[in-house]
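Below are two complexes that have chain A in common, paired first with chain B and then with chain C.
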Partner chain A sequence: MAKSARQAQIEKAALYPLDWTEERTGLVGYTKWFLFRHVPRDVNWMQTLGAATLTAFLVQAITGVFLAMYYKPDPNSAYESIQNISNEVTLGWLVRGMHKWGASLFIILMFLHMARTFLFGAYKYPRELNWVIGVLLLVAGMAEGFTGYLLPWDQTAYWATVVGININATAPFAGPFIAQFLQGGAQIGPDTLAKFYSLHMLVIPGGIMAMIGLHMYLVLRLGVTSPPWSKTAAGRPRPDAEPTGDRTGLTREPSSEETS
Partner chain B sequence: MASKRQQEYRAQHKRYKEDVAKEGKPFFPYAIYHDTIMSLVVVVVIIGLAVIWKYTADGTEAGMLGPLYEAKADPGTTNFVPRPDWFFYFLFYLLRIFKWPETVVLGTVGIPTLLLVLLMTLPFYDRRPERAVLRRPVAFVAAILVVISMGVLTWKGATAKESLGSETLSLVPGWAEQEGFAGNPVAVEGAGLFAESGCLNCHVYLGAGAQNLGAPDLSAEGAKGRGIEWQVAHLKNPSSKTPGSQMPSFASLGEENLIKIATFLEASKGPVK
Partner chain C sequence: MTDAADNEEETRGHSLWPIGFAIGVACILIGLVVSWPAVLLGAAITIVSGVLWIREAAGTHGPVDFAAGDALDGGTPSPALAAAEGQHLETHGRAGFLTLATIGLGGVIGAAVTLPSIGFAVLPSFTGEGIETNPVDLGPLENFPEGMFVITTFIGSKDQGEVSRRTAYIRNNGLSAANDPSFTIIYSRCVHLGCPVQPNGPKFEDKMVTYRDVTLTPVQPAGFGCPCHGGAYDTEGNRTAGPPVRSLDRYAFSIVDGNLVLGKHFSVGTVEGTAADAKISRYGQAYPGVHVDGLERWLYPIPVPGA
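Here is the complex of A and B:
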């Protein structure tokens, strides 16, 4: 049955904002492309680990914003502000707990996601750079862990940082300078805390967000790999389709040049 | 001209793109469905941990997941518990393996940097197109070895015993007896401060403590003839006496306490028997 004129009119009115936006930004088209782009038919549950890592990072970003509203980066009040968040602020304990345990989960998920891309050989051509970005993300994630650990300003926090900074100082060449910069004085004190706070909530997360952006761009551009064991893997060799020649079966036999 | 391997790689990726276009399924609603479920699981687990943490712990009293916070940081004294977050345990334990001063830098910087570089450049030296893990034997074995050693180091780091100030304090009378300074009250007091201030997390004294960062055994420090003044200056700023020292400054203990510790150190000439 043909649509009535009235129905068509309502539909047009409803879609108007989308058309309006599309005409001016093209974003609707991009979103459609993003949602309806094809992925290999045999993607595996292990391939949700990247999205899970992203979720864990977003949890950190959101809970971190709320913690920053109540936390005071100064040795005289940091500890008390943490107590206040844990005991007084409405749901403060939940936000702080999620941030603390989310950090561990984020790191675990990053490692698992890395293990999955390793298992799939997904770091090989053309995805080499996405692996490199991934390793940088891993380092940045651990740096978040290190800088965040000092902030509660309790005994463990303080002394772990003393040792951490000393370890930094043993590095040849730049080591002592980095340690001196981090510490910002003869001893770990107000300057150290302010520096760690700024690194923890501005510098490193900014870097992580930029790198996640690049990481996602490459995932969209290159596509995700099929599990290598899949019979219907995208990009699988097709011996029958190719004329029998020296190329056939090349991917099956171990290369004589290298094994790794 | 592109090498044979390069051509093969390109052909493979071209086939991949064609296959995905032809046989693939749209991200929405298929893949995004799994991603969403997994993300929800992550959020639920995080909330669950936060709830267990809060409801089994009380302030500095540990629950199933540890205390909500430790005692406030006190640069001055007592329980020096240099415990990093768990994902640094492997580094933390690596440090304990490299006890000799010349090798400390290997554990702190050398090995971690080397491993990081190897990890980052993996796609540039592992260049065969093969993806199936069982047909990448070297990569497979290397990965298993890395996972096992990281696991062992993390576990060892987690179970390593820290000597807490309160525990070592009980050793002081024995020390005074063995080293023969029981008659010197200032030295005995200094020994107490020494036991409480976390010195034993890096130094060994008559078999107590743990050797870390290449710190020397102090059982016979007094025999070196450094003098009290030298000791106090070293404690205030170790690198002023030993350039590049990894020992932290203990200036915050205060002049008076430092003199007591120095007296104790100078009285420690090694076991008398």
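Here is the complex of A and C:
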């Protein structure tokens, strides 16, 4: 059925901005390449847990950036500034609530995602490094939780951090150094709060973003695993090279219909 | 779009250097527990194996070894490869120099920026700078009735203000055998993980007095208890139950113009005897949870800086 001239014209007008951008940046093609990948036929909902974790992180990052506009990291005003966010600033209760509950959700999702990759055997060749990066992300995520917990500067925050820092101190050899770095003085005080704030909103999130970048790069490069009960493999076509070591038979070969 | 082009074929046999590398790392880890020389030995093994491993791995692909590899194989490289290789060799001197210069300069600039920043972030925590060691004046001796504990709260650092308010349990022991004044001054932070231990006994809030920033409330404790994990101590600060690993920290004191003045904070292994006759095994201030005596103390190399 031939399109009417008018239809064709509308279509062209609608696509024009995309074509314009594509011609100058190639980004439309890359975005398609990024989004429309081959995945195994029998992927299931468990394989969306990674994306859920990413979303939870983005929620933390976005709400955190806006909380930082109202939060004051010094012992005399930290507590008041958070009461102010919760009780006075318009919608402050909502954004703080999202950040506070989202923090727990983020950690829970990381664990669920990790359980999925573990139970699916997705940490095996060639995805070992993605597991390693994932473990670092887990540690960094928990460090976010630990540093963020001090910021409300109430009794819970203060004593939980006292105990947390002293637990660090009991690690053999490195312990007292770590505790001293975190505490920054003889006792928890203004320096500790400022340092935790900087770690919480700049240093650790920066590291997390970089590691998420690597994590996603490897997912794109290697494709997602098919579930353990699957008869077919998927992802981008494997390079011809044999894996190092005697691993023949340990990897599933993509069947022809699944390769692209 | 395929990724096949990024992957070179693996043709070489197994190398032993990774094993040497692993042995070196294991040696470092064991050395950390056992002795420093073992760490150094491990580091040496690691570095040497690592360098040789990289050299070997690089050698199979590197331009210089190409000819040698051909001779061994007895074959001739494909013409296209040879041409590419020839071109590479032709510019090798200049390109190599520029590559090294870029990496070298970049490294120097990178180090010049990052090293001071990291030092700035980390070192001040360890120099003890900004830690006030001014003695704290707790007021006239009359406020410390003999034989009774007084819950004393005071400002630890004038710069930091109220956030540095600390608590000590102070008992006037009267005169010692040598006729010197004696005080037992126990710091309130639990030596398990730092929670505030509480005196178990009646508090006489109506008898509370203040002196400048200092508050003084008499109390008659049978011992001290920690709300966090149930650590319990007797009135000398010795552990009687729960997870703490040593006795409660104490303060030294002096008497200036009839006022009790708080001195250095120190940690305690155990206390034998009581009150004025107590024999206190005294150590530099350590973190809660950290052993100060016995074999385990070697696990904790630094005291609290500035202490």
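One rule holds for everything that comes next: the second predicted complex is superposed on the first by the 207 of 260 C-alpha atoms of A that agree within 3 Å, B and C clash if a C-alpha of one lies under 4 Å from a C-alpha of the other, contacts with A are read in each partner's own complex, and residues count from 1 in each chain.
FYI, contacts are C-beta pairs under 8 Å (C-beta built on N, C-alpha and C of every residue); 3 or more make two chains touch, one makes a residue touch a chain.
Worth saying up front: this structure is predicted, and the values here are computed from it rather than measured.
Aligning the two structures on chain A places chain B and chain C in clashing positions.
In the superposed pair of complexes, A:214 makes contact with neither chain B nor chain C.
Of the two partner chains placed by the overlay, only chain B lies in contact with A:101; chain C stays clear of it.
Contacts of A:61 after superposition: neither chain B nor chain C is touched. Once the two complexes are overlaid on the shared chain, A:172 sits against chain B and chain C alike.
Of the two partner chains placed by the overlay, chain B and chain C both lie in contact with A:159.
Of the two partner chains, chain B is the only one that A:49 touches; chain C does not reach it. Between chain B and chain C, it is B that contacts the larger number of residues in chain A. With both structures placed on the common chain, the touch criterion links A:143 to neither chain B nor chain C.
Contact with chain B, but none with chain C, is seen for A:118 once the two complexes are overlaid on the shared chain. Contact with chain C, but none with chain B, is seen for A:185 once the two complexes are overlaid on the shared chain.
Put simply, chain A uses residues 75, 159, 162-163, 166-167, 169-170, 172, 175-176, 186-187, 189, 236-237 to touch chain B in one complex and chain C in the other. Remark: chain C residues 1-4, 6-10, 32-33, 122, 124-126, 130-131, 156-157, 160-164, 166, 189, 193-196, 228, 265, 285-290, 299-307 touch chain A in the complex.
Against chain A, the residues of chain B that register as touching in their complex are 5, 8-9, 12-13, 15-17, 19-21, 23-28, 30-32, 34-35, 37-39, 41-43, 45-47, 49-51, 53-54, 59, 65, 68-75, 78-88, 91, 95, 104-105, 108-109, 116, 119-120, 122-133, 135-139, 143, 147, 198, 213, 237, 244, 246-249, 251-252. Only residues 34-41, 43, 45, 47-49, 51-52, 54-56, 59, 75, 79, 82-83, 86-87, 93-94, 96-98, 100-105, 107, 109, 115, 118-128, 131-132, 135-136, 139, 142, 145-146, 149, 152-160, 162-164, 166-167, 169-172, 175-176, 186-189, 223, 225-226, 228-229, 232-238, 247, 250-251, 254-255, 257-260 of chain A touch chain B when the two sit together in their complex. Listed in rising order, the residues of chain A touching chain C in the complex are 33, 75-76, 159, 162-163, 165-167, 169-170, 172-173, 175-177, 179-181, 183-187, 189-191, 221, 236-237, 239-242, 244.
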